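Down below are the structures I want you to see.
Below, chain A partners chain B and then partners chain C, in two separate complexes.
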Partner chain A sequence: MSDAIEVRAVSKTFLESDAAAGSGILAIRHADLRVGRGEFVSLLGPSGCGKSTLLDIIGGLEAPSAGQVIVEGETIRGPSRKMAMVFQPMSVFPWRTTLENVAFGLELRGVGRTERERTAREMIELVGLTGFEQKYPSQLSGGMNQRVAIARALALDPDILLMDEPFGALDEQTRRLMGLELLRIWDRARKTIVFVTHSIEEAIQLSDRILLMSARPSVIREEIPVPLPRPRSIESLTSDTAKDIERRIWRALMEEVGGATGAP
Partner chain B sequence: MVVKAPLAWRVPAIQLAFIACVFVALSLSSRLLPILPSASDVILAGVKLLGWREAYRHFGITAGEALAGFVIGTVLGIAVGAAVGASRTATEVLNPIILAIYAVPKIIFLPLLMMIFGVGFAPKVANAAMHAFFPIMLNSLVGMREVDRIHIKVAQSMSASRLHIARKVFLPAMVLPVFAGVRLGLGLAFMGALLAELFESKAGVGYMVIQSYTAGEIAGMLAIIAVVFALILAMNAGMQRVENWLSRWRRA
Partner chain C sequence: MRLKRAHTVRAAQLGIVLTVAVALELLVDHGVINDLILSRPSQMIVRLWQDFGGEELWVSFAVTARDVVIAVTLSLSIGTAMGYALHRFFMLRRALEPLLVAFYSAPAVLLYPIFMIFFGQGNETVVVMAVVLATVPVAINVAVGFNSIAPIWRKVGRSLHTTRAQMFFSIMVPAAMPTIVTGFRLGLTFALVGVVALEFLTYSGGLGKLVSWRYFVFDTDGVYAAILLVAAIAIVINALLSALERRVRRRWG
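Showing the complex of A and B:
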């Protein structure tokens, strides 16, 4: 199986405006990763560890300081039509209705009104928001707005979805349910997904593989496969396999912070 | 929802009561200070004013000055605010200067405007424009700076061009902050036109006020002020309706 995404020796240094010339902050050090077609991979790490920066680099929004990103055999030099990004719920446009939000990307591509609304309605149905086409984001819950954001990305029919802590602002229950919902959509739409999160449980619930990132300068320190059967349910997280994975992640995180406290 | 229905009549009822209080106060004070007209004098003067053809010409002139100044102030205000707001450096360099000028009463520039524009219509328009310009420019500048980064990022991730981002992210995001400035600017344009007329004029509402005052017709003067007040109330109500429509997506 060929890779959908290949990240080769990517480093990122941010220049600090008031620092001495030539100095900078090393955000990511030599990241290497591969994501197979149709795979669901999570980038898991503490806040501020550079996982979102790495996602931006994969998405072509940021240029790497060194190394390269190859998507479906092509080197990334800017945003690509093969990928679409999903951000936090607040990323929906408050002045657009559900239908207008979902059709946004197609509007940018110059797709005619009839066609883009037809596609938008299909996507709205896929994420389970039929009946809310004419509602504004202020009239929807956080979880519903996140469905809008997902539909907006799916409307562009990308091969790959890059998701940057999409459920981070939601409460725990909504977050779990949205996770299952995402798995259902993923199962129907058959996309490759790279999912950035700081929630261990969320990473285990969703992923085929978890890439554990360390704090700055960020490196991918461990790759953890998640051999839980699919389709997954709420019970998946309470299985022994899930508990083992969680323990393994905690052990790695404890080593990271100094190891003195020991794993729970 | 239960509170809303009584509120709908409670507010205008209190407002009417307030106006009644003003009339009572006016009649009482006219007894204590015979120089002041009684409320009935003011009402009579008002009726006379509304029946006087020439008055409409004066109101028309002031409205013309204010609206011309408002249009100029709006166009320049949005253009300058958006241009400065587009650059962080420009904002940081100019912000203290803009805020300092903002705090200065703009009427102080009237002699300068009269030197440049002479007398008559033009300096009043210029003064109205000057008054309208600042709140519109400041709101446009702040609106520009406060466009949500995440919305720009969404558009960029979809390969939006700069023009697309300007039209489909910045433009809709700025409608409300800019309109808040426009609303202030409209009121201030009328203030600017009137103030300029009070200093030098041969026509307009300010001219009428000064004429009534010098003629000792205080009831007539108060009647003019009352009409101005009523016009501003109507104008604000109109602007409020526009704002409600523009912010329809905000209401849950």
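Showing the complex of A and C:
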């Protein structure tokens, strides 16, 4: 499997606005990672560990302070058409209907109305929102709005989807169901996905591989493969293998917390 | 249920207006209030009806309408541009916003003599002063609207490669729309009030001057008929724009 994304020695320092010149907060220290084509990789870590920052750097929204990101063989210097991002809830535009939201990216690219609406309708069908084309976000549930956001990203036909805690604000049940939905969509659309989350269950449910990030300054602390069969079933997710993975992640997290508080 | 409550509120409002009208009618009738100071509500309406048949009211109305249209057009354009500048240039906002808010709350209309020195005793003063009054709420609301755009929407825009123009027209303007509409409603109300008040003070034509003239000749019924008309126009404009505002806000969630 060739690499879709390669992150080489990326560091990120945020300058503190009121600090003396040259000083700053080190958010990410020397991150290295590779994501294969068609792979589903999660970045898992505690809140504020810089995983969203790393995703923004991959997506070209933030420049790394050092190192580089290579996507499909090209160094990233800004947002690329090969990638589309899905953000946390309420990234959909409340003044646009489902159809207009999904067609938004194509509209920006100057795609004609007929064509962009056709594509948008296909994507709406893919995420299971047929019948809701003319509804506004305020008329839809949180889960449905996240489907709209996913369809908006998919409409651009990117090779790679970058997802920043897309289901973070949903209740537990909706979140799990959305996870299954995402796997179904991923199976049909065959994209590479990098998925940022702070939920261990969610990472295990979805990923081929989990990259565990430490607290700030964050490094990629451990790489945990998830060798569960696909499609993921309740059986496989409650199997001993799944529990072993969860235990392993918990152990690493406990060490992390212990290290942070100075305990042995 | 909700509809029923809305009906009850409407009925109560109507009841209050009618009660006050009847009370005033009785007070004037029994000589408690001199009818040179306040005319009977019934007389106001009769007089307004007669005025509709005449020419004087319409001539004044046309002048006021023209001045309001000019003042509104200017204040909305200038206010929007100023609001955007306030949003765009942080230092400008830090420096100007407190001043604008202070100006907004001060009775700036009292500055009219200064404006008369510069613009003369004509409709120029009226329009300029109304623009000065109405631009401020527009600018403040436009700035607030742009400043409170959820950062996530701009991030979506950046991730989609928007050009500057696309970011502005496809994301920022619609995102700020609810607050901008509020600013426009206030701007329109301020422009109308400003024009009529200045016409009244500078005696330069329009409905304000008509009221002023009728006061002068002790035409009490005429004064209140004209005031009633101005109030009715203001209420209708405000109601229409409030309805628009509610629609936008509901849609925007």
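Note that the second predicted complex is superposed on the first by the 256 of 264 C-alpha atoms of A that agree within 3 Å, B and C clash if a C-alpha of one lies under 4 Å from a C-alpha of the other, contacts with A are read in each partner's own complex, and residues count from 1 in each chain.
Methods note: a residue touches a chain if its C-beta (ideal position, glycine included) is under 8 Å from a C-beta of that chain, and two chains touch if they have at least 3 such contacts.
Fair warning: this is a prediction, and the values are worked out from it, not measured in the lab.
Chemist: Could you check whether chain B and chain C clash or fit when both are placed on chain A?
Modeler: Pair status: clash.
Chemist: Where does A:94 make contact in the superposed view: on chain B (first), on chain C (second), on both, or on neither?
Modeler: Touch partners of A:94: chain B and chain C.
Chemist: Given the touch rule stated above, what does A:215 touch, chain B (first), chain C (second), both, or neither?
Modeler: Neither chain B nor chain C is touched by A:215.
Chemist: Per the contact definition in the header, classify A:138: touching chain B only (first), chain C only (second), both, or neither.
Modeler: After superposition on chain A, A:138 lies in contact with both partners, chain B and chain C.
Chemist: Where does A:108 make contact in the superposed view: on chain B (first), on chain C (second), on both, or on neither?
Modeler: In the superposed model, A:108 contacts both chain B and chain C.
Chemist: Could you list which residues of chain A make contact with chain B in one structure and with chain C in the other?
Modeler: 59, 61, 78-79, 81, 84-85, 87-88, 90-91, 93-96, 104-105, 107-108, 136-138, 156
Chemist: Along chain B, where are the residues that touch chain A in the complex?
Modeler: That would be residues 148, 150-151, 153-160, 164, 168-169, 172-173, 175, 248-252 of chain B.
Chemist: Using the touch definition from the top, list the residues of chain A that touch chain C in their complex.
Modeler: Touch list, chain A to chain C: 59, 61, 78-79, 81, 84-85, 87-88, 90-91, 93-96, 104-105, 107-108, 136-138, 156.
Chemist: Can you name the residues of chain C that touch chain A in the complex?
Modeler: By the definition above, chain C touches chain A via 150, 152-153, 155-156, 158-162, 166, 170-171, 174-175, 177, 250-253.
Chemist: What does chain A use to touch chain B in their complex?
Modeler: 59-61, 78-81, 84-85, 87-88, 90-91, 93-97, 104-105, 107-108, 136-139, 152, 156
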